[in-house]
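Below, each structure is written out as structure tokens.
In what comes next, chain A is part of two complexes: it sits with chain B in the first one and with chain C in the second one.
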Partner chain A sequence: MTWGLLLQAVVSGLLLGGVYGLVASGLSLIFGVLRIINFAHGAVMMIGMYATYWLFTLARVDPYLSILVTAPCFFVLGVAIQKIVIEPNRAAAEHNQLLLTLGLALFLENLALVLWQGDFRTVKVAYSSASFVVGDALVEVPRLVASGGAGLVAAGLFAFLRLTDVGKALRALAEEPEGAALVGINVPRIRAAAFGMGSACVAVAGALITPFFYVAPDVGESFNIMAFVVVVLGGMGNFVGALAGGFIVGLAESLGAAFLPGSFKQLVVFVIFVLVLLFRPQGLFGGSRVR
Partner chain B sequence: MNDRERNLSSGRVGRRAFLRAAGTVAAVAGFPAALRAQAREIKVGYLLPVTGPLAFEAGLALNGLTLAVDEINASGGIKSLGGATITLLPGDTQNKVELGNSEASRLIDQGVVTIIGPFSSLVAFSVRQVTEKNRTPFLLLAAVADNLTEGGLKYTFRMQPNGKAMSTLTVSNMFEMAKHANVPIKRVAMMHEEGNFGTTMGNHVEAFSQTMGYELVQRIPYNLRSPDLTSELSKVKAARPDLLIISGYYGDSKLIAETAAKLRIGVSALVGLANAAYSNPKFIAENRELTEYLFDGNYWHNPQSARARAVFAAYQKKFGTVMSNHSVQGYQVTFVLKDALERAGSTDRDKLRDAIAKTNLTDHILTQESIRFDDSGEGINATPALIQVQSGKPVVVGPAKYAEAKPVFPVPKWKG
Partner chain C sequence: MAALIALPPLLPKYHLEVLISVVFWAYLGIAWNLLGGYAGQFSFGHAAFFGIGAYTSTLLLLQAGLTPWVGMFVGGGLAATFGLFEGYLSFRYGLKGPYFSLVTLAFAEMLRVVSLNTKAVGSSLGLVVPSATAAPAMFMFSGKLPFYYVILAMGALALGLTWRIGRARLGFSLAAVRENEDAAEAAGVDALAAKLRAMALSSFLTALGGTFYAQYFAYIDPTITFGPSVSIGALLPAIVGGAGTVLGPVLGSFVLTPLSELTRYALRGRAGADIMLYGAVLVLVISFLPQGLVGFVRARRGGAR
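Now for the complex of A and B:
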């Protein structure tokens, strides 16, 4: 039975880890290029989840299909946030920019509270409760899709960063902002693209979670904190590291839950977090550049 | 210097000033008696988180208060006070301690005779100091933490069961039922959210195991924002409990029931303990298959009471939805106040406090004997009902005296 428990914990951890990884990838991308810590990331995810919910409720759009609508919309939203809110404060001190994103997060959460009240909403689709058993472990289909989808999006983004001009410009900007400007890259435009892509990423993550989770104004918070841990773990600005960090945190959480008493599982994650900061502050996979 | 100034400076009331004042008094006294009685109002303050994260539930409680006040005023107000009517003054806590205190002070300044509220135990713990200092009766609504009536307070009263009554009576009800069904309960597992509410419930279920002779094989506190509880529930399954008790809020309780079903958790029943979801009509309506046969120990109305049926019909007519247990509490606590006002025959807050302390109300809609308070202000007979979802409706299955249906126990669908 212990083996069954271990297998279940590993499976659950990997399934959740993918989602953490995708949320963190967006955060990492924004940090790598813009050098700001975006506290509004979880709030943007929450808005994304509401978008998925309303598309499903009002127009019967499948949550997974809704990504085709929400991802471009949230790219535009991210660009708008960057152009209107962040870019004008580029010259301000770093902590001011930090407070700016925190304020944005509070604004979005309270906006959601005013518009849609505090109650929990769920999207019920036919496959919401689909599951199968491997060995002794339960695999829930929507969680599997979420984790797999997160991996696919991450791979797509990776290819984009490697192979396209915009991707190369993003990496250049992350590596050496002044140099990038000197070789003729339109820096404000690429910054906006980074924020847009980060927001699209987190909206996709939100859409993937919606079939098995609830939607509420404060739903982004739990993912937001984990995403910060993951980003630090993987190395600030390291895109692939973020995905790997997501799996590590997911595994640590579920193994902690299975084998430690009480609510130690959160503790495990944050102990790892502190240890990494102490002994490998650049992150497990090295940081500070979009790779 | 004119007349008035001379009067003021000399400190004496002159003839002209006296006549003016006397005229005013005569004018007031000359009003028809009926008109004066109608103008009398008794101010009652409510303190609820009507905005913020608990806004939805608080709104339901407020509906209950409003329904009761309308009923009282429409049927002739407080008779011993010449038909005085009740006016509700609003106070919004947003579920924040500091707002609870300031709103309570403001309401008291505005002359309320009683404060009803404030929903969350955390806010209540602090507000009760304000009401005590200002000698204002404080009727608790919804808050369950045991310590709210501790500390020798004189002005705080709680009609509904506290955490201890809620948990021990719910467990007793389950055992009673299991005995009838000839299905022994030896091993119990408990999952609760790790905040004040869940931990209090968990402590009681753990302490009560001695008395009832069961073994608490797993006790798992969890973060209510956890996006995944599969590992926790696998651990519960591995411990092979006969019963799984869950004290949680809405989203987390849903996740637990769902995951337990998928894991084929293999218990005789899932039992909510003051659970925010398992007997909630909205939750049941949205999750028909998942919720069928879930149990919940919670405060409830008495389905056998004709008055309760009339109140439910009135609520349905006024608000267009089924009355919830929070609305029932709001409605009933207002009638506790009405009863005390009638007996006190006064709006003096100390006299009212004494009248509340002597409450012995038998005409009520709850699943309990008469409403009475002990010296600490705790409801002596406060009893939770055992509710089970049957055919998509939460029905009372225990205690036997109030039951409207037979419990389905053990529940086959949880047995793997």
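Now for the complex of A and C:
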């Protein structure tokens, strides 16, 4: 084991971790407010990546710039999913809501497969392979931008939750749904906002990674599972925990990749996941509220 | 039932294949239903047990020449042990609802990653099951018809088992646990024991399905056997037909499987169309028939549940 290898693994892990953190923040927001584990989160991300891909391929819109278009669009998509698919089934049993999002995920993923086939697509921009060296570690610019951008968006969301009325309503709803309704918060509307913002977050995360990541119908799956791990790790519904969890999982994965053969790195993440679920289901930092 | 026994020899090959597929997914649905429907514990990772069954019997056949007729029960035993381990860990630590679903999913994914990276079990290349010669004693047949009767018998036995359990002490314990675990415990039901029994039976039966798959298709690999499609394929018929009912998974598979075959046929060359349809059906069923087809029929008849 050399220091260079270790340093490189740490750098890659931290860069990946920011993106995981943003994906998981969206999931965590949805869970905190709606109490639903959204299986369709990864599928929404995948659609977001296709949106970025097509905007770039057909209209030459820079992936980062495309966020200005995709973020609002995916907010609306999220609101629509919540209003049309999930809200009418509010009263259904918990597992039925889980199955609802699973059905949605299957639908979206295979819709993409039907429309755009399974081939891997990539967005080749001028800065796709730009990089610089810090110490012994190579830092790829798009990954740095993705991680930094994800951090910025997450920080913005955090400020939004703290400072705005809608943000406060979201937190109130996460903490005490009945109390929130009693003080006059329009609960269905805030729930829709939560799903919309969660979807916008994951679409932004998708856009941020397209300069260096392939686009395919099943690309969201691995992010989805990773986001579950991160959210459980950080505490369900704990927003800051989701960001921290993102870095932990990113690090665990890249260290696993550096020191374990084959794709055993995924095993590291699952082992952490199961251990946390069993021994600290409330997460490392406590959970169950959007903080 | 009589039609299911008498008609198949007269069917053209393609229709027979569809029928095998219908009964096969009904069988997996019945197995899933014991845990998901009767005990109310939604597993999203039944592929773990399916894969253990498929790999155990196939490896025993390839390495030791053991007939899958015996190997399938070894696999069933291993899967039940794994299921008990998984269940004990989860139930002991009070994991419920979606948390249990996530743990089962994680375990299945772990087995997929391990098998994908283990040369001894063929890694990503998978394992080819010998099938050139017909040897009924080795679970190898020429033609599809014998396979049909095997899976039909397995389905009938599993269905009989479900029916018996529903009327036995275990069935009532499971129903009590499903509806309200705390109340069940207060009434003296050992919830942990009941859930573990359901887990063991469900994983055992699922593993036998894995062996059937390996022998019938003569090929297995980590993604097919441990991947999410088996886990989803096992829960769909039960949910759509009616979880926690005897006939639910059968009805579910008789509707879903031909539907997916038709879609695949109608939209040739469009991979994914059938699963896309499954997704839509799942959303529609949860929205409009939350009790599944069986629940819908019962409500229509106006009968009590």
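To be clear about the criterion, the second predicted complex is superposed on the first by the 287 of 291 C-alpha atoms of A that agree within 3 Å, B and C clash if a C-alpha of one lies under 4 Å from a C-alpha of the other, contacts with A are read in each partner's own complex, and residues count from 1 in each chain.
Please note the rule applied: contacts are C-beta pairs under 8 Å (C-beta built on N, C-alpha and C of every residue); 3 or more make two chains touch, one makes a residue touch a chain.
This structure is a prediction, so every number in the text was calculated from the model and none was measured.
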Three-chain arrangement built on chain A, chain B and chain C clash or fit: clash
Chain B versus chain C as contact partner of A:Phe213, first or second or both or neither: first
Partner chain in contact with A:Val134 - chain B first, chain C second, else both or neither: neither
Partner chain(s) touched by A:Gln117 [first = chain B, second = chain C, both, neither]: both
Partner chain(s) touched by A:Ala159 [first = chain B, second = chain C, both, neither]: neither
Partner chain in contact with A:Leu267 - chain B first, chain C second, else both or neither: second
Touched partner set for A:Val76, first chain B, second chain C, both or neither: neither
Partner chain(s) touched by A:Phe228 [first = chain B, second = chain C, both, neither]: second
Those residues of chain A which chain B touches in one complex and chain C touches in the other: 113, 117-118, 217, 221, 262-263, 266
Touching residues (chain side chain A, partner chain C) in the complex: 37, 85, 88-89, 92-96, 98-100, 102-114, 117-118, 217, 221, 225, 228, 232, 261-264, 266-267, 270-271, 273-274, 277-279, 281
Chain C residues within the chain A interface of the complex: 40, 42, 44, 89-90, 93-95, 97-99, 101-103, 105-107, 109-110, 113-114, 116-117, 228, 232, 235, 239, 267, 270-273, 275-276, 278-283, 286-287, 290
Chain A residues touching chain B - in the complex, by the definition given at the top: 1-2, 4-5, 8-9, 12-13, 15-16, 19, 113, 117-120, 122, 124, 129, 131, 138, 140, 143, 209, 213-214, 216-218, 221-223, 253-255, 257-258, 262-263, 265-266
Sites on chain B touched by chain A in the complex: 51-56, 194, 219-223, 225-232, 234-235, 238, 250-251, 254-255, 258, 261-263, 282, 286, 290
